[in-house]
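Got some structures for you, see below.
Next come two complexes, and both contain subunit A; in the first it sits with subunit B, in the second with subunit C.
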Partner chain A sequence: MSNVSPPPPPPPPPPPGTRISSPTPSEPLIGAEDLSAWPGTGPVMVEAIGVTKSFGDVVAVSDVTFQIGSGVTAILGPNGAGKSTLFRMLCGLTQPSSGTVTVLGRNAGADREVRGRIGLAPQQDALFDRLSAGAFVALAAQTHGVVRAESRTREVLAQVELDVDDPKPVGSFSKGMRQRVKLAAALVNDPDVLVLDEPLTGLDPIQRQRMIALFGELAERGKCLLVSSHVLDEVARLGSNVLVLAQGRLAAAGDYRSLRDLMDDRPHRVRVGTDRPQQLAAALIERGSARGVTVLADAVIVDIDDIDGFGRIIAPLTVDLGLRLDELVPLDDDLESVFRYLVERRR
Partner chain B sequence: MTAPAEIFDRGYRRYEGERTGVWQAMRSVLWHTIRSVLGIGRKGRHKVFPALVALVAFLPSIAFLAFAVLIGDMLSEELRPPYWELFGLPILVVVLFATLVAPEALVRDRRDGMFRLYLSTPLTKPTYLLAKFAAVMAVMAIVVAGPVLLLLVGYTVQNLGPDGFGAWIGVSGRILLSSVLIVGFMAALSLGASSLTDRRAIASVGVLGAVVGVSIVVGICVDAIGLRHELRVLDPLGAPVEMAARIFGEVGPAGESRGSAATPTWLVFTGVAAWTTVWLSVLVTRYRRLTAV
Partner chain C sequence: MTQSVSTVRSVLLTHRLLVRQLLTPGRLLALLSLGAVVVLAAVGVAASDEVEDPARTIIEVMDGLGLVLVVPVVSLVFASASLGDLREDGTLVYLWLRPMDRLSVVAGAYLAALTVSLPLTTLPLAAAALVGKATVDGVIATVVAASFGVLAYSAAFVLLGLMIRNPIIWGLAYVLVWEGIFARFSEPVGNAAVRGYTRSLLANLSDVGLGPAAEANTSTAVLVCVFVAAGSLAMAAVRLNRMEVD
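Showing the complex of A and B:
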């Protein structure tokens, strides 16, 4: 139910000297009731248009444009790619040097109301170490203006499987527990947009599974989750929509499997399991069906340009050669390969 | 027949309740800061320093009251200190308190990353700073206004207070006005100095330097170098007390000079206002430039 749109056609450039302005506060927010009915193709919840952020001579984010709807979207990129800067701009913590960032149609930097509908779980520890989890989350609830702070605190802590009555200060918590406290604090205002910077770091496998399930549930309820993670196989489990940042620029946006298909300049790599790999490798080279082959004991790793065409010829070929075809496994259509290709291409 | 059963939904629950505005957020930050500074809800050792400072700040008032109780009506008016002097007697303790309060209120949020989280709520930098300012003022008021008000109440109980209700209200008003101005001055100065660093210890030293250091420099300029005595209005230790004296219609030690006229009252107020403005500008400028990273 997630939707990441590739950059829309660029808007006409403003006349020289014109500042790109944010929507005025009088423009309506998307109502929570509308979001709960998000069909997957409904309103854009987060939008960046031509966003650039510089710190002196350093350009952290450069001319980034994208639109995101409800569901889970992973923000990927190597260290220094601009992910955290982008998150800060989305949350209104810093303003772009140029361009506009809007959340629910508003500029979070200038609009208090929309900030109340964003939940942030930053990568760095942002906790009062001496407070208990309950006290900390209650404080977050109060600063968000939640009236039933106590009962809401109880609910969200239960959601992340922490005890509201546990008097231990969060300073004594494990990394995973602290992560869950941060997540509870991000959820306490029932936000429509959740910005989660490395939310799975430090969690044990069971907790990771539960958090991923929770993210999925939130996405199904029409919330927009922006998640950054370095663990790509976890990102793949969160969903298939990604924004890839490299060197401050948007390298790609959309379903990573579709992105892989778009990478015509990269040969696909397939493992073909067979009982006579040398014979199969020789035949593939002889017929020009492969760009390169690597022969293993029980398989051939084949680099090919046209994966669909290869799929059509491999079975008849093995029949012709009298070989046994054990398996045909694509090796590089996973998220990690897509990410590696995209990022390497930028270097 | 089987027993009745019920399956509870353990999934995510939306918050359908009421949401308040920014005032609730400010109140929450204010109250949390006060609790944090005074060690409320923390182990006993965190309460020791605030309690000790408060006790020392109250000691002169307690001593005068004890004296009044022992001697009673025999305590002549000449032996009783004017109320404004009670702002001056524990002034170093007040400064010491400021070195604890402001860094705790401001620096910790930046170090812990809480500043970022606060700004991701309906709070803005101005409303956040306003809440912090109010919190620091509230805490500082304990050691600034508390001792003087205690003395007023004690003297009143002992029949040594102002004559008549009108006079009592007048004195109370002057005490409150003096307290608000002194506390505002101290809050601006200590928060401004604390905003310049992310280390609490350095912030404390900075606050101390901004008060005691500048006071020493002003003292050297007037007493050793022989510059005009009106320069004392820039003394962060003396000027607030002098201001309180003027509010009570008297001239304090910082406004007096042998052989020359007392410093004009407007100049005293201008000196305090100038420092308050300078440090508030430092605070606001620093936070305007601060990115919540």
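Showing the complex of A and C:
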């Protein structure tokens, strides 16, 4: 079997509000464009320039550069891609090994004022478990210096559908409720920049829908929301700009549609179950319907460029050949495959 | 919608939160038991016919059990946990990523540790001194020495909690081995240990000689304890500012 690298598809247009640059400008990158032109309409609110973070020999984030303005930007990547480390650097919780990260033009770790304009919902589940939700969010309000902390606490807890008067400690809450407590605490100071690390994890579908609507409302008010996720469908519903992080590197940027197109346009691999795999493989190669084939005992693994076109020809072909078609299973129709493809493209 | 958080407000908010976090039933029970051991020892001293000078003997018990064990261990447990527990369980971010200066967070943690540790050390030790037939000066000396010990140890252990994981283990090693053994018998080591100064306070104020490594004058002992506390808190604030937070 032969595997040939696909030709790179033309880069989709960069989304408004997001600019991404490759560390080596000669290297094509999806959504890449000249750093000198800021495509967004509003000011840059979050900026990373050549950011690398290493923990010993492990490089968690490698040479990442982007600028983000207002709106929702999703950081999409598999677990271990470096999303949380990137967020920690943005918030000043850890300093980059090299490069610079600024929020509202300053280093959040060193600037007290900027810390008051950030809302963070961290990924880890830790809360002050002996406090009630009301006490926890009220503490966040007070430590942010929120004027009328009590009414604001009530307001944000209502937004996430929790009862401020519920005396139960958050330690007894379900994962979804704890997630909502974190979100309320992140919202309580009405921050300009919201950093939400996997904020929809543990929420039921209705709560997810409401949170996504809330994120949209905040974006419309000019807030900058950074939302990490490893679930493509979530990103689709956020309707957001997307930065794809894979193996610590910024693999792509675009709006969600660009990413979806990329998923469809990239090479695919399909398992075709049949009673005569050798005959089917020969026919596919002869007709130029496959880039490569691997013949198994009861199936053919087919590498193709056009998944839709292949779907149209395979059934008539098996009929013409008098073969039995047992199954047609995409082997790489998941986000991990897209990430792998993007990373390989960058090499 | 927001206004700057004053230093005093930051201290009070941190203090209120951490007192609540520190006071767990398990900790209280364990450390009250420790105090009870000293009281029981005092009962033994008072009841014994073989003790010729109970007022002196009880001060020696306060030195050997109170200042070696109760004061540093209670301080260690609460002070190292004040910010150390938050650091380890991932909740420190909820104080760290706030528009509050670091020193006020450290000061709030220190005051929370003192709020819990001072009554848990001074009350059992004062009770033990009374039960053991200490003089009035002996009781006062016990309370003062324990209080300054808590002031110094707590600050040092707040710093320790921010510096290393498992601060209890390292803190106990320091308290029991360095201060409990070396500082007791060696004057140079005693001069480099908080215990040397708390012993000096106990000895000077009770007028009971406690031997070597307890010979600093009262002013020096007080100043050293205050200096250790202030220095440790300043270093803790710097550490908090520079540390990586999960």
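The criterion applied here is as follows: the second predicted complex is superposed on the first by the 216 of 347 C-alpha atoms of A that agree within 3 Å, B and C clash if a C-alpha of one lies under 4 Å from a C-alpha of the other, contacts with A are read in each partner's own complex, and residues count from 1 in each chain.
Criterion: a contact is a pair of C-beta atoms (placed from the backbone, for glycine too) under 8 Å apart; a residue touches a chain by one contact, two chains touch by 3 or more.
Bear in mind the structure is a predicted one, so any value in this text is a computation, not a measurement.
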- [ ] After aligning the two structures on subunit A, examine subunit B and subunit C and state clash or fit.
- [x] clash
TODO: Give one of first, second, both or neither to describe whether A:E217 is in contact with subunit B, with subunit C, with both, or with none.
DONE: first
Open item on the list: Quick check for you: in the superposed arrangement, does A:Q209 touch first (subunit B), second (subunit C), both or neither?
Closed with: neither
TODO: Scan A:Q279 for contacts with subunit B and subunit C and give back first, second, both or neither.
DONE: neither
Open item on the list: Just to be sure I read the superposition right, which of the two partners does A:Q247 touch: subunit B = first, subunit C = second, or both, or neither?
Closed with: neither
Open item on the list: Just to be sure I read the superposition right, which of the two partners does A:N189 touch: subunit B = first, subunit C = second, or both, or neither?
Closed with: both
- [ ] Please pick the stretch of subunit B from 77-85, 149-157 or 167-175 that overlaps subunit C when the two structures are superposed.
- [x] 77-85
Task: Contact residues common to both interfaces of subunit A (with subunit B and with subunit C) - done: 88, 91-94, 112-113, 115-116, 118, 120, 122, 124-128, 130, 139-140, 142-147, 152, 185, 189-190
Task: Residues of subunit B touching subunit A in the complex - done: 11-15, 17-22, 24-25, 27-29, 32, 36, 41-42, 112-114, 116-124, 291-293
Open item on the list: Please output the residues of subunit A touching subunit B within their complex, sorted ascending.
Closed with: 88, 91-94, 112-113, 115-116, 118, 120, 122, 124-130, 135, 139-140, 142-148, 152, 155, 159, 185, 187-190, 214, 217-218, 221
Open item on the list: Looking at the complex, which residues from subunit A come into contact with subunit C?
Closed with: 88, 91-95, 108, 112-113, 115-116, 118, 120, 122, 124-128, 130-131, 139-140, 142-147, 152, 185, 189-190
Open item on the list: Using the touch definition from the top, list the residues of subunit C that touch subunit A in their complex.
Closed with: 1-5, 9-10, 13, 17, 20-21, 89-91, 93-101, 244-246
